[in-house]
Amino acid sequence: MLFKVEMDVNVPLDYDPEKFDELKKAEKARFQELQKAGTWRHIWRVVGQYSNVSIFDVTDNSELHDILMSLPLYPFMDVRVTALCRHPSSLYEDDR
Amino acid sequence: MLFKVEMDVNVPLDYDPEKFDELKKAEKARFQELQKAGTWRHIWRVVGQYSNVSIFDVTDNSELHDILMSLPLYPFMDVRVTALCRHPSSLYEDDR
Amino acid sequence: MLFKVEMDVNVPLDYDPEKFDELKKAEKARFQELQKAGTWRHIWRVVGQYSNVSIFDVTDNSELHDILMSLPLYPFMDVRVTALCRHPSSLYEDDR
Amino acid sequence: MLFKVEMDVNVPLDYDPEKFDELKKAEKARFQELQKAGTWRHIWRVVGQYSNVSIFDVTDNSELHDILMSLPLYPFMDVRVTALCRHPSSLYEDDR
Amino acid sequence: MLFKVEMDVNVPLDYDPEKFDELKKAEKARFQELQKAGTWRHIWRVVGQYSNVSIFDVTDNSELHDILMSLPLYPFMDVRVTALCRHPSSLYEDDR
Amino acid sequence: MLFKVEMDVNVPLDYDPEKFDELKKAEKARFQELQKAGTWRHIWRVVGQYSNVSIFDVTDNSELHDILMSLPLYPFMDVRVTALCRHPSSLYEDDR
Amino acid sequence: MLFKVEMDVNVPLDYDPEKFDELKKAEKARFQELQKAGTWRHIWRVVGQYSNVSIFDVTDNSELHDILMSLPLYPFMDVRVTALCRHPSSLYEDDR
Amino acid sequence: MLFKVEMDVNVPLDYDPEKFDELKKAEKARFQELQKAGTWRHIWRVVGQYSNVSIFDVTDNSELHDILMSLPLYPFMDVRVTALCRHPSSLYEDDR
Amino acid sequence: MLFKVEMDVNVPLDYDPEKFDELKKAEKARFQELQKAGTWRHIWRVVGQYSNVSIFDVTDNSELHDILMSLPLYPFMDVRVTALCRHPSSLYEDDR
Amino acid sequence: MLFKVEMDVNVPLDYDPEKFDELKKAEKARFQELQKAGTWRHIWRVVGQYSNVSIFDVTDNSELHDILMSLPLYPFMDVRVTALCRHPSSLYEDDR
């Protein structure tokens, strides 16, 4: 089941850069784990923004909620969630 | 080069349904042509809306503009375009 | 799986009242069918508006999309969909 | 008498986590008290947000105001209140 | 129980003026009935707008909903409803 | 001459509570003075908000400005001012 | 007593141009009458818009309301009203 | 050449009042200099706000930019600039 | 003197295409005349929109107003005007 | 390939002015390097704002993203990116 998730990251000007770098490393590791698993199916950078557009493939709403809330950078994020489904005009049977 | 394109389709209540069906067929044909070519890389339906979230892979801005403006349903659409690029945390070298 | 769906109904001033009454009857019948089935779990009227706040319980995103798009009054509606899940503080194991 | 109340919780990045945990415990206790009493009739988590959608059943506006203003986490919340009533199409006589 | 209700009236340029005058007369009659009863406790015109700010005193949410939906000019209105209660600093025991 | 004034009070989480309590006492005293004088004709609490809806009766714009700017809690407020006048449908000659 | 009034004029594409020209003439005549009287103290065109920024000098809110509602082009206008007063830094005693 | 400039002044609750008073004095002196010169042609206070509505008469865009950016209170301001011109209905040849 | 002007063109679905084509031809001719003169210094298409971003070089506000209001497609346009000036970091003395 | 980029710079009132001046110098140096290269094709100051309107000429989305994210003042900026292309009415073959 697919969701578009858009995340904007806001870092206060005076936030400790070392502490933030550690969070970023943790975020990257967690992201790659989910990418490998196919749960974080797509991620793209928005040009000129510290933001991404992502597509998640999850079993249900709760799984998505638990993943997002436990992201290391979640406390810095504005998050927008949109439920998606397969488009009827697609040539493919699945929701790729 | 990737762009997120979000399209909302608004059909006036009194629009001739046959005329609209023809336009929808033409839209579907054009979409599938672009999907096969890999230009319209992804399309998903937004739940509860006559809207889609799409990812286009084009050579440049002009190509995207020409594709969008010539869509059979374009006169019924609100369109939002966002430039994307590969996310640096991705496990993959390409922008999948 | 739960979703909050908010629907605003907009009827043009000059729309044929008989035609609209028929659509309203069909809408009511369809609603009650879904209410009985437990799919349309809750519905409340918003005070002073031709709008409702609803809670849907569906198997996945596609089921919700198909239900909403086929509502007889859908062409008159603005619809906002929000994915929900069980609140961790609830006394109950389910998502009531 | 029913109201939809939507609450977003905003915690400053540098807020003392222990102090916040105490407030969260107090909030949970107060919530469960009101849930048991049937006053806080429903609560759901919004996917990807530190937010909830709630339905309150109160005697009048003042009771709702007093409940909300005395929530332990109120100073961290954005709150939106919407008056609801029974939907005329419902199969049930009450406002469930 | 008090509610602030704000109403904006929008009349299409080509709406039949006689038909509208009849609706306005009906609206005025209904308003005065409710004003006499103390239900429509206050009404003020917003300067430069075909809009009013009103205070309703009703038994519950349903009563307010039924009153608003049956106003003769309701189909021309945008309506915003806000639940109010007595202010704790007031010199008076009631909610005047 | 009437104005609707809507005031939202925003208190920073780390503001000294004793200092704020003193300001609140001063605000209450000033409010009651103006309420007695009939200048602050009405005040209601907005349910679930640290906000009020007020009706002021003043001689001219300057009087209203001077009153608002000198409120002890003004530095914490967002204020919205709307000019009102008697509604032509009212049963009463004055603007009550 | 001064008010800033901002007016945007919206003419439907298919409105009868002769009828509109008559209304414009009536509007101009009424404006010049009020300009001569000093009531419509200033008017400026907003560059690139069929809009104006105006300053009215009236005795009270009602006078302003009556003037605006009876403007020949009022049914085509969006109007925003802002109460003004003399600025304390001004070199002049009056509110010029 | 005329511009409407609207300025909102936002002073942080904890800003040093003496330092701000000095800036206010400098702002007033600069304002009066420009008022005498006819450059800051009008200024009015917005009722209930720490805001003004001003009309500037400048030779070109650069002059206006340099004036605004060098105002002593500029770092505390939100500023909105709107280009104006003489209204064709005015009785006067100039843009008063 | 430079201004950024952004224009969105909205054509009603049922507007006569021949009539619109004539207006488009007139618009193009007028545009090219102004482009040759250096007044309409730049124009770019916004990708995916019937909109442009333009830079005008005019003597004063009135000239810009007169040009915009007399564009053949003006009645179909939403227009946003922003006053610009030379950027102080530019390598060049002029405002290119 | 062209993009309009709009940048608003927000400097906290209490930011160290010397540190900011160094960042501004670095920003200016980087800007001039990109201006010379033709990448930052245009830059204009928005009147009355610490903001600019810029036109970038880049090979692809990634190049633009990398340039923007590495600007010395980026952490202080709100940035809006809009993809542009040659306007079909232009007299010139290129996208000047």
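Brief remarks follow.
To keep things simple, chains are lettered A, B, C, D, E, F, G, H, I and J as they appear, and every chain counts its residues starting from 1.
What we mean here is this: a residue touches a chain if its C-beta (ideal position, glycine included) is under 8 Å from a C-beta of that chain, and two chains touch if they have at least 3 such contacts.
These numbers were taken from a predicted model, which means no experiment stands behind them.
When the interfaces D-F and I-J are ranked by C-beta pairs in contact, the top one is I-J. Set against the C-alpha centre of chain B, every other chain centre is closer than that of F. Same interface as H-J, judged by over half of the contact pairs sharing residue numbers, among the pairs A-C, F-H or I-J: F-H.
Centre-to-centre separation between chain A and chain D, using Cα means, comes to 28 Å. Here the spacing of chain E and chain H, counted between their Cα centres, is 40 Å. Taking the mean of the C-alpha atoms as each chain's centre, chain E and chain F sit 22 Å apart. For chain I, residues that reach two or more other chains under the stated contact definition are 2-3, 45, 47-48, 61, 64-65, 81, 83-86.
Contact between chains, per the stated criterion, is found for A-B, A-C, A-D, A-J, B-C, B-I, B-J, C-D, C-E, D-E, D-F, E-F, E-G, F-G, F-H, G-H, G-I, H-I, H-J, I-J. Residues of chain E touching chain G in their complex: 11, 13, 45, 47-50. Listed in rising order, the residues of chain E touching chain F in the complex are 2, 4, 27-28, 31-32, 35-36, 42-48, 52-53, 55, 82-91, 95-96.
If you check the complex, the residues on chain I that touch chain G are 3, 5, 12, 15, 61, 64-65, 68-69, 75-76, 79-81.
Residues of chain D touching chain E in their complex: 1-3, 60-62, 64-65, 81, 83-86.
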